[in-house]
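Dropping the structures in below, format is structure tokens.
In the two assemblies presented below, chain A is common to both, partnered first by chain B and then by chain C.
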Partner chain A sequence: MLTEVKNQIIVTAQSIKFALQREMLNKVTFLTNIIFMILNNACFIVQWIILYSLKDNVGGYSFKQVLLLWGMAAMTYGISRFFFKDSFELSEIINSGQLDNYLVQPKNVLISCITSSVEVSAIGDMIYGLIMLFLFGLKPHTILLFLFCGLCGALVIVSIAIIFSSLSFWFGKTEMLANTVNSLMTNFATYPEGIFKGLVKILFYTILPLGITTYVPVQLISHLEWKWIIFIILGTIFFIFLAFFIFYKGLKRYSSTNLMNARI
Partner chain B sequence: MKKYLYIFKSELMTNLQYIFDILIGFISYCIMIFIFLNLWNYIYSDPSEVIKGYTMNQMIWYVIVTEILWMSLGSRKLNRKICNDVRSGNITYNITKPYNYVEYILFSHLGVTTLKFVMVTILGLGIGLIYLKSIPTLSFVKVIGVLLSCLFATIINILLITALGLFSFFIEDASPLFWLYSKAILVVGTIFPIEFFPAFLQPIMKYSPIYAVSYAPAKLFVDFSYPKLLEAFIIQGIYLIVAFLLTHWIYRKGVKKLNVNGG
Partner chain C sequence: MAVITVEKLSKSFKVKIKEKGLKGSIKSFIKPKYNIIKAVKNISFSVEKGEMIAFIGPNGAGKSTSIKMMTGILFPDGGKIDVLGLDPTKDRKKLAYEIGCVFGQKEQLWTHLTPYDNFKFFGAIYDIPESVVEQKIDEMRELFELDEFINTPVRNLSLGQRIRCEIVASLIHEPKILFLDEPTIGLDPVVKEKIRTLIKRMNKEFKTTIVLTSHDVSDIEKLCKRVIIVNKGQIVLDDTMENLKYHYLNKKIIDVKMKEKVNLEEVDGITILKDKDYNLKLEVDLKKKTIADAIKLLNTDNMIDINISNVPLEDIISEIYKDGEKE
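Coming up: the complex of A and B.
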């Protein structure tokens, strides 16, 4: 069992390494993508400077906490898009029959599939996340908590993408639904929880678990409380198991399209 | 001109066949409006409060109009198409045809945008009316003025995005330039009117593309006056000419560098 896990980790790391090397063939494009993504994210600071010039507190967040919220949102987005890019293309992969490529490999189908390519600009998101943490205030425990919450949040985002994409096994073309849920997760993540009221807040702790990916982590980094660490760990484990369960349940219904193509 | 009108019409008819995709796109619009409704509700502690010359209703209508312009544009798709045309060499198919590539892009994308604009406008006005229960009162002539300003804003936007996409002739992937442009429009032009920025920045912003593509039509909708209309038309007219010439210039320079291998 442990050897199997070790082998899977080695294969996944190699897969990501080769995907990155492929993207680095054109160094100018590689660096431009990263730098411009950082600048692209930084544009939004203007929005918050203006909002905080109107009000001292937005949704219960101070300006520094909003920077941290942005940092956390960028970090979770970056990790999920860099290491697990194809989880956001999974619906299309299932529908077009490209899953055949991974079924014949002697490794975990889901992990091999979602880690087969990388999004270079996501490196810019991760760097931007760290810059925001620096502006919030660097302390040894905040760095550790930030990286821990960033990883957990990314795994939850990836799990949500897998869950909604896996519906394609039953209902065919569901990429629009999966894309909509993914974009909901991204759009809401950069606004303080306190500005929303009513039913939306329930969504943040159920089918759009922004509570785990961004809101609780911001509270946790601001005021360390162990109960929130346990909440994040349990929430992350729950969504990962649910994603695996639904994907493999659906995989039993998968049938090849006999698509012939070359993977270069 | 006739051939470009035909391109516009055929693109419009094609998009009518994919109306479901456009309807799905409405979800994104609704999400953005929902977020801004909540945000401005929070910022305005009292709906009758006036911040920087805007009431809460005016502020929300401003965002509804700027989001209509941005969402109906399909800017990301346009940028991707131009970058892909240049990088893949597909642009050679257009070069050999009896039309200019820039004008072809302009009219074909206007065909895509027109249908979306009509549908998103109906949706936006519906959301605004349901939520705010009032709408700025405009006469027929004023409505025509606002719509013309929206048309100019859209044409300028398409030309500027085309110009950025054509940079793919010089650098392999020009998408990062578009990211910055889109975020500048989104943050500076869509969410806040110019009056919300520091006084020293306002004159600069008034003469920036943000005024022409975003602020002018939305401001006319929420606070119409004929001097403002005239000012908007003058600035948009100048931007229209500059953007048109600039895009053609980049295209002419870039196409000389084109090197397509095989087929």
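Coming up: the complex of A and C.
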């Protein structure tokens, strides 16, 4: 079992390395993608600077907490898109029969599939996340908590993408639904939790678990409380298990195709 | 010893049916109708160790679906599959260590990497120690004549070179069974011949069992000793190549070129396939008439040239496909 996990990690690391090598073939595109993503994210902060020059508190967040919120959102987005890019393409992969290649290999189909390409601009998001953390206040424990929450949040985002994309096994083309959910996860992640009430808040702790990916992490990094660490761990494990369960349940219905495709 | 045993295997697909035009689309949107396509219907067969078997049939016959079920890609609706003592639906990962797959239509290699790096990656996928992979690559490099392009990115290789690399990648873990799904698709005759020679050598040197699907009759004729013909999801023929030829090659084709036009009347056992100017093409059913009978009908003094040949295997197979459809 341990050897199997070790071998899966080795193959996953190699796959990510090769995917990165592929993106590095064009140096100019590679660097501009990263730099422009950082600039793109930075633009949004301007509106918050203006807002906080008029008000001290928005939805219970101080300006520094908004910076941290943006940092957290960028970090989770960055990790999920860089390491697990194909989880956001999974619906198309299922419909076009591209799972065949992974199914004939002695490795975990889902992990092999979602880690076979990287999104370079996501490196810009991760760097931006660290810059925001630096502006919030850099302490050894905040760095550790930030990275821990970033990883857990990314895994939850990836799990949600897998869950909605896996619906393709039953309903065919569900890219739109999966993309909408992914967009909602990204867009709402940059607003303070306090401005949302009622049903929306329930959604954030259920099918759009922004509570685990950004809101609770911001609280945790601002004031360390163990219960929130346990909450994040349990929440992440729950969504990972749910994603694997639904994907493998659906895999039994996989119908493949004879479309021509290449690993480019 | 059987390495593959398939019993009453079946698989159906649910396909949405839509009437033509916008009206049809709206109707289908409001009240969708589905058709159940039975891609594979209760097929049973077994494959012995070291066999080279052709699994053929027209498009949509169910051959790729059957292979995909044997390799663990698709889950069957019914029946049993045993591949090397493993059930592909339950032991997919274990089975993957023992089999290799090449899908002519689907590329497994990373196109930006060189074949060498790809082979190393495949080595890692199959948990093979690096030194062993290196040794294996050296062995394959020689056998498959890869020296010229082993360090060229796959995207810059010709189709033939790429297919050769795909086969090597699928052999890196020394599989006991190799599934080749149309490996020569799109290749020119010279490269096809090269790939066939390599497949033969591989079967001979490594005793690899080979299951091949192809629309190219030459692939089948030159490589396989046994052929399974599938049509409409059912096996219509499972026989040795020798028997296939013996039973179905009881017809001969006679092409003759005459000095003068001959007015020939068809007799039982001799069919006129072509009668144009001074050229005649006859089909002789050897069960009813002999070649001599056919030649006697012609005036040999007027004959310029004659060619007697077998009915092409391709025509025989097409005939079997058609018979299957009639049934």
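Here is the rule we go by: the second predicted complex is superposed on the first by the 263 of 264 C-alpha atoms of A that agree within 3 Å, B and C clash if a C-alpha of one lies under 4 Å from a C-alpha of the other, contacts with A are read in each partner's own complex, and residues count from 1 in each chain.
In this text, a residue touches a chain if its C-beta (ideal position, glycine included) is under 8 Å from a C-beta of that chain, and two chains touch if they have at least 3 such contacts.
Quick caveat: nothing in here was measured; it's all calculated off a predicted structure.
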item	value
First, second, both or neither for A:Tyr191, with chain B first and chain C second	first
Partner chain(s) touched by A:Thr180 [first = chain B, second = chain C, both, neither]	first
Contacts of A:Asp100 with chain B and chain C, given as first, second, both or neither	second
Touching residues on chain A, where the partner in the complex is chain B	26, 28-29, 32-33, 35-37, 39-40, 43-44, 46-47, 50-51, 54-55, 58-59, 121, 176, 180, 183-184, 187-188, 191, 194-197
Residue ranges of chain B touching chain A (in the complex, touch as defined)	24, 27-28, 31-32, 35, 38-39, 41-43, 51, 171-173, 175-177, 179-180, 183-184, 186-188, 191-192, 196-197
Complex contact set, residues of chain A against chain C	3, 7, 10-11, 14-15, 18, 21-22, 25, 97-101, 103-107, 251-256, 258-264
Chain C to chain A touching residues, read off their complex	13, 64, 68, 71-75, 92-94, 96-97, 99, 101, 103, 105-113, 117, 121, 124-127, 155
